[in-house]
């Protein structure tokens, strides 16, 4: 048992460059210490009881179920990532793990060494299509690792939507899960990306979602986190071209003993860029959430606008919410605001609804729906919106 | 000048280390830090054994603790190149006239006597490491108020002192509280008895005046039930060519229904490292207010905090920071809600100019069971040019029910519209900018006694002029 | 749990009672005391700290707890530590930790 060079052997038939990269990442994993409580990023995020080695059996050696929209325009490449590494090395090799770095921490390294399922989507310059691509990542059994990786390359002025769904067959499964995504947006590209994480309630989940935006491109990213007993997600947008625009939204609903951690970055590397982040979450029972987000406006990034908000609805006295919205502004010609709130259901609203004869439980449910409602409307395509609505319905009960 | 117990510092001391005159030092410890220096300080002060032990233990903690890796860059501090104790005069002066002339001249420039004439209750002015001048209005003494320097308090009020010293900020709290506990000297000690209101602010002037000199004052304020006191600390320092370290610890206990306000205008010269730990405990229905202005120093790291221990306690921090060229103000506040029905606000206003950097760093913590708390943090940053930088690092931890916590921050520049408007009225650009900045920090200035408000506006004006061009 | 010989006067030791980490202390008054080893401030191990009279001091930030009552005697911790009854039988020290 355990992740070691021998366990790489099951990943047959990959090109040399990829095997080499995996070995490098594994060496990094072995070299890096476990994150300690004295690291700021891990101060409130306890991984001391997680031993990935006990879940070293890999699932999904052959990829995932891909829903191919009918009539994909020609030139679009959509296939399992490992297959694409073989068939299109010229597209995959220069990009894979260049946004999500394997040496970021131990878990990023492990993911880079052992990723299995996952998708590669390439949309050539100028190609647009409306029907979203759906990548479904199933885990069929517990006690193992499911580590899918998505790589999306959006050509100049392309336009499309993509949905990653991480689903467990058994809600009680244990195991190690990840779901990382790299998105390259070429000039003028418009990409909608949604990730819905609803793994089982006893897994450890780590994800890095990072996009790089070239000139005049637009990203609308939406993260939904529902599953896992432990879930740590980084959502990062690197605004590398003037006129680029990143909208980063998330909703999360933590209940039972769930622990969710979100670290976000809006990195304005050049001027005339815009980012807008809104993370909204509800906490029930004895769950805990940590949100820590940073807006960074670099030295020469004049005339940039950045917004960041984290809103937490705390529905129980045993739940714990942490919110750390940070700014690093190295330039004065910017507009930048951020805010965070942590609070219960508004008692005035509750009172109002109850005075209309609505029972307390129903009134609370309506207020929770209302809390999520304005973000739900921002999910960039209907299919995903309906899916998330249904999920929330079942949580709110 | 009379002498205190003589300490042999070596005959070549002066040649080797270059004593600075005209200041006349009765005793100046060697540079650097080791158990012998600490023992010497404690012996000089004729302290009880428990304090000597506590100092030595704190030194050990200081050595063990790593430098903070967050906040400002402190790697340039050379702890071995600092004097840890100086005593400028061997006796406590009772009246202004008793002060040695050179010290008096310094205070004259700082305006101490004038301030006293106006409304001082007492003066506890610090010159070098020891409080040398101290007076307290008779009226206050009659009320049982103790306002003295901390060294005298240890000697004259040993029980009261021992009961509270180090209980709000233990030596191990952080590297610099450990350092302070090892080598502390001077500072103010205030005790306000039950139900006593001190109607006029108590003030102390602090000053650094020697090259490579560390100043480690220690302040302890106890507001007994239902009492009120306003303490004002203002700092100025002449400019020297090498770095100085100022690392104070301020502990405050505000008991039931009492209120304490602590006002600081920090204007150290821009070669001073100002690393200060300030913390208060507020009990049932008590109010603690920190009014904290940081204009000077090369680096300041200071986050006044309030532990809200019992229901009804209230904490306020009002913080203003100005960072000009080469300065980094890393300031903010912390509110620790331990009990239910406690409230807090933090308002931070920061201004960066000429490549200066301001950081707001704060922590709101609501402990389990501290239900029905309210906390609101507002940070506004003004960046006056392209070279300057502003950061905001607010940490919010909510572990209780029915808590309302809000944080808002904005970063902006002086708007062209405002400037245009003022300049179209014939006001010069620099002056217009000063007016806008003074308007920006008005919520702070209006909380200050009038003469401080005037002084602050003048300081802002000087800062603005100094870095123009 | 431990033997008397393991713990000279004015020392502490970390022991595990099932899944509960316990700080076992032999205090200056000659008695043994047990409290939860996890500091209620930031979860560092109290047994790595120092005994200071009848208080244990956390090594990381200097929070203090009374050995007998668990009461906070020095910030920055604010939540009392859980204490457990200790029995000494012969040279053996027993700690009773509820499940």
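Which chain is which? They are A, B and C, in the order written, and residues in each are numbered from 1.
Following the convention adopted for this analysis, a contact is a pair of C-beta atoms (placed from the backbone, for glycine too) under 8 Å apart; a residue touches a chain by one contact, two chains touch by 3 or more.
Keep in mind that what you see is a predicted model, and the values were worked out from it rather than measured.
S.K.: Just to be sure I understand: the centre of a chain is the mean of its C-alpha atoms, right? Then which chain's centre is nearest the mean of all of them?
M.R.: B
S.K.: Of the pairs A-B and B-C, which shows more C-beta pairs in contact?
M.R.: Looking at A-B and B-C side by side, A-B shows more C-beta contacts.
S.K.: Quick one: report the Å distance separating subunit A from subunit B, using the average Cα coordinate of each chain.
M.R.: For subunit A versus subunit B, the centre distance works out to 44 Å.
S.K.: Based only on mean CA positions, could you tell me how far subunit B sits from subunit C in angstrom?
M.R.: The separation of the two C-alpha centroids amounts to 36 Å.
S.K.: Could you say which residues in subunit A touch two or more other chains, in rising order?
M.R.: In subunit A, no residue touches at least two other chains, as defined above.
S.K.: Which subunit B residues reach two or more other chains?
M.R.: 368
S.K.: Please name which positions on subunit B make contact with subunit C in the complex.
M.R.: Per the stated touch rule, the residues are 61, 166-174, 279, 281, 307, 309, 336, 338, 367-368.
S.K.: Give every residue of subunit C touching subunit B within the complex, in rising order.
M.R.: It is residues 57-64, 73-76, 78-79 of subunit C that touch subunit B.
S.K.: Quick one: which bits of subunit A touch subunit B in the complex? Just the residue numbers, please.
M.R.: 40, 44, 302, 312, 314, 316-318, 320-344
S.K.: For the complex, give me every residue of subunit B touching subunit A.
M.R.: Checking each residue of subunit B against subunit A gives 70, 368-369, 371, 381, 383-386, 388-413.
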